[in-house]
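After this come two complexes, each holding chain A, first together with chain B and then together with chain C.
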Partner chain A sequence: MTDDRGLYLYAVVPADTHIDGVPPGVGDRQSDLIRHEDLGLVAHEVDLADLARLNEPSADPGQLAELAQRHDRVVRAAMEAATAVLPFRLGTVLADRQSARQFLVERWEDLRRGLGRLTNCEEWGVTVRAEGSSEPQQTRSGSTPDRPGTAYLTRRRQQLDDAESRRRTRSARAAEIDEALHELSVDSAHGPKRGVTVLLDETYLVRRPETSAFLDAVDRCGARLSGEGIELRLTGPWPPYSFARLEGCPD
Partner chain B sequence: MVDLLDRIVDRGVVVTGDVVIALAGIDLIRLDLRLMLIGVEKALAEQREVR
Partner chain C sequence: MTARPPATMHGRPPDSLADVLERVLDRGVVIVGDIVISVLDIELLTLKVRLLIASADTAQKMGIDWWTRDPFLNASAGALELENQELRGRLAELERRLGIEGPSR
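On to the complex of A and B.
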């Protein structure tokens, strides 16, 4: 074992997965499979110096983006080649192959369980947001302004009621969409909901055989929203990053 | 790219303990923040381009 090298981990897959077709990853290295029983770790050596450079404040941001792209490419290819994939977090580096095998042996049951949960599954991201401004529209008052103060207050209350009613409708729409998609998925996870107009930010874990039913539902939901000032956005399929979990004692 | 960074940062199995190289050349927390910053920068840059 050399001090300036480590082992970069991508994912756990079944041991019989053929990963020859997986593209080069971080540092242009080719991954192979470290096996134990029925599990395999998709991994390759990495020069720590390459990774250390990313940590410097002066580092080119493009390099980090490149790392993310390469990582996802390998995980994705592993997903295509395997029946199940359990992704590791970006930047997981072990000391060497021996440590990797040791890890695999010690955590075999947990890894197996974590992988089993994701058999034949991909994830899809769905965001629903209110389009445009949420400011109440101007309502016209037909009455003469004998009492302008009251007229103003009445109008203002109308605007606020309308806005509240719109808000409730949008919330209900988002909940309907979530329910419809939840029914067609194995699991779901909440997203960070960045931005005030976001009504729904969810990731759904979908079994591959159910993909077309899921996507049909997304299309239907999207179509229903047109003209209501709400838009739905879908991203995917992704490897099941959001559902990659390892239970049991961390150490 | 923004989608990818949102999706990949801070997700996936976390390995802890002796087997993990302590610094591993990557400070994961700082990496996460930087990836998110890149995401935001790029999104803003893309918006500017569209205009």
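On to the complex of A and C.
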């Protein structure tokens, strides 16, 4: 098993990409480009045993974290060096260079199309969450009113109404943000986190020339939220992981 | 690639490990067929990561702390209890002023 080698794949890039600056990846190995026509695969050899170890129940989750970070670093550097990058799922391993070439030849059309769609694009993640609780605030009672029961019920109703209107405002804000950012993006994808307090979890595919306009819009949205108990969080730029698809392959 | 000040008025924290894991574990092109050697059981790893970040400590460090802010899972019970106490106090005060005996406890 220890002699078993495979070829670890990171991404497809245009064949003329210079990837000398790409950092070492899994197992500290340096990637190179396997080319066919105008496409190149960023890849390097890998000891299969190193990867297989992660499947063991006793495996340290830290090793997985390191693998994920190395994978991301290489794909990210490839993105910075290239006009387009089509990332592979973590842990994609082919038998050898020969099968990589065969893969490029057989899937050339699909790969070109998938890569072309992502030309000059990066993705940005935006989550919007409600800060604190949407439960009614306790209002301080001043002097005891003449009719405390009625006063209490009135106050309580007011609190519930306020909470409901706060909830509506928050949902409306999230929808406005989504609409504004969607307009400046090529595509968008839902993230998994939407829930009670997460009002928006969305990833936007943005063309590089549009980046400034997109980030300005994020800033404007963030500024408008101040005082409304809503927090906007931005991550990115990421390689377009969420939009990397090939026709005929499961997502 | 972007040489501009960080977006959003809060400043931008670096992408966390949880962000990286979310993207590289679940996304990206998947190839199937004979040429692929399956060395990583991604489903197993995803499950492991989920378990890892489900432990409250780690999750909060990674910034995943939605439940601490979820009123349903968190403070609302305490708030109701407080309100209840306040009402009992007020009722007792009212009864005292009116000279009525409260129900025996």
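One rule holds in what follows: the second predicted complex is superposed on the first by the 222 of 251 C-alpha atoms of A that agree within 3 Å, B and C clash if a C-alpha of one lies under 4 Å from a C-alpha of the other, contacts with A are read in each partner's own complex, and residues count from 1 in each chain.
Convention: a contact is a pair of C-beta atoms (placed from the backbone, for glycine too) under 8 Å apart; a residue touches a chain by one contact, two chains touch by 3 or more.
Fair warning: this is a prediction, and the values are worked out from it, not measured in the lab.
Chemist: Taking chain A as the common reference, can chain B and chain C both be placed on it without clashing, or not? Answer clash or fit.
Modeler: clash
Chemist: Could you tell me if A:Gly27 is touching chain B, chain C, both of them or neither one (first, second, both, neither)?
Modeler: After superposing on A, A:Gly27 lies clear of both chain B and chain C.
Chemist: Using the touch definition from the top, say if A:Pro237 reaches chain B (first), chain C (second), both or neither.
Modeler: A:Pro237: touches chain C, not chain B.
Chemist: Considering only the touch criterion stated at the top, classify A:Gly229 as touching first (chain B), second (chain C), both, or neither.
Modeler: In the superposed model, A:Gly229 contacts neither chain B nor chain C.
Chemist: Considering only touches as defined above, state whether A:Arg208 meets chain B (first), chain C (second), both or neither.
Modeler: The second partner, chain C, only.
Chemist: Could you look at A:Ala130 and tell me whether it touches chain B, chain C, both or neither (first, second, both, neither)?
Modeler: It touches chain C, and chain B stays clear.
Chemist: If you count the residues of chain A that each partner touches, which comes out higher, chain B or chain C?
Modeler: After superposition, C is the partner touching more of chain A.
Chemist: Once the two structures are superposed, pull the chain A residues common to the chain B and chain C interfaces.
Modeler: In chain A, positions 6, 9, 12, 48, 51-52, 54-55, 59, 61, 64-65, 68-69, 71-72, 86-95, 99, 102-103, 114, 125, 235, 238, 241-242, 244-246, 250-251 sit in both the chain B and chain C interfaces.
Chemist: Going by the contact rule set out above, which residues of chain C touch chain A in the complex?
Modeler: 1-2, 4, 7-10, 12-13, 15, 17, 19-32, 35-42, 44-45, 48-49, 52, 66, 69-72, 74-76, 79, 82-83, 87, 90, 93-94
Chemist: Considering the complex alone, what residue numbers of chain B touch chain A?
Modeler: Against chain A, the touching part of chain B is residues 1, 3-5, 7-21, 23-28, 30-31, 34-35, 37-38, 41-42.
Chemist: Could you pull out which chain A residues touch chain B in their complex?
Modeler: Touch list, chain A to chain B: 6, 9, 12, 48-55, 59, 61, 64-65, 68-69, 71-72, 86-95, 99-100, 102-103, 114, 125, 235, 238, 241-242, 244-246, 250-251.
Chemist: Quick check on the complex: what are the chain A residues that touch chain C?
Modeler: Checking each residue of chain A against chain C gives 6, 9, 12, 48, 51-52, 54-55, 59, 61, 64-65, 68-69, 71-72, 75, 80, 86-95, 99, 102-103, 114, 122, 125, 129-135, 138, 144, 148, 152, 191-193, 195-198, 208, 211-212, 215-216, 218-219, 222-223, 226, 231-238, 241-242, 244-246, 249-251.
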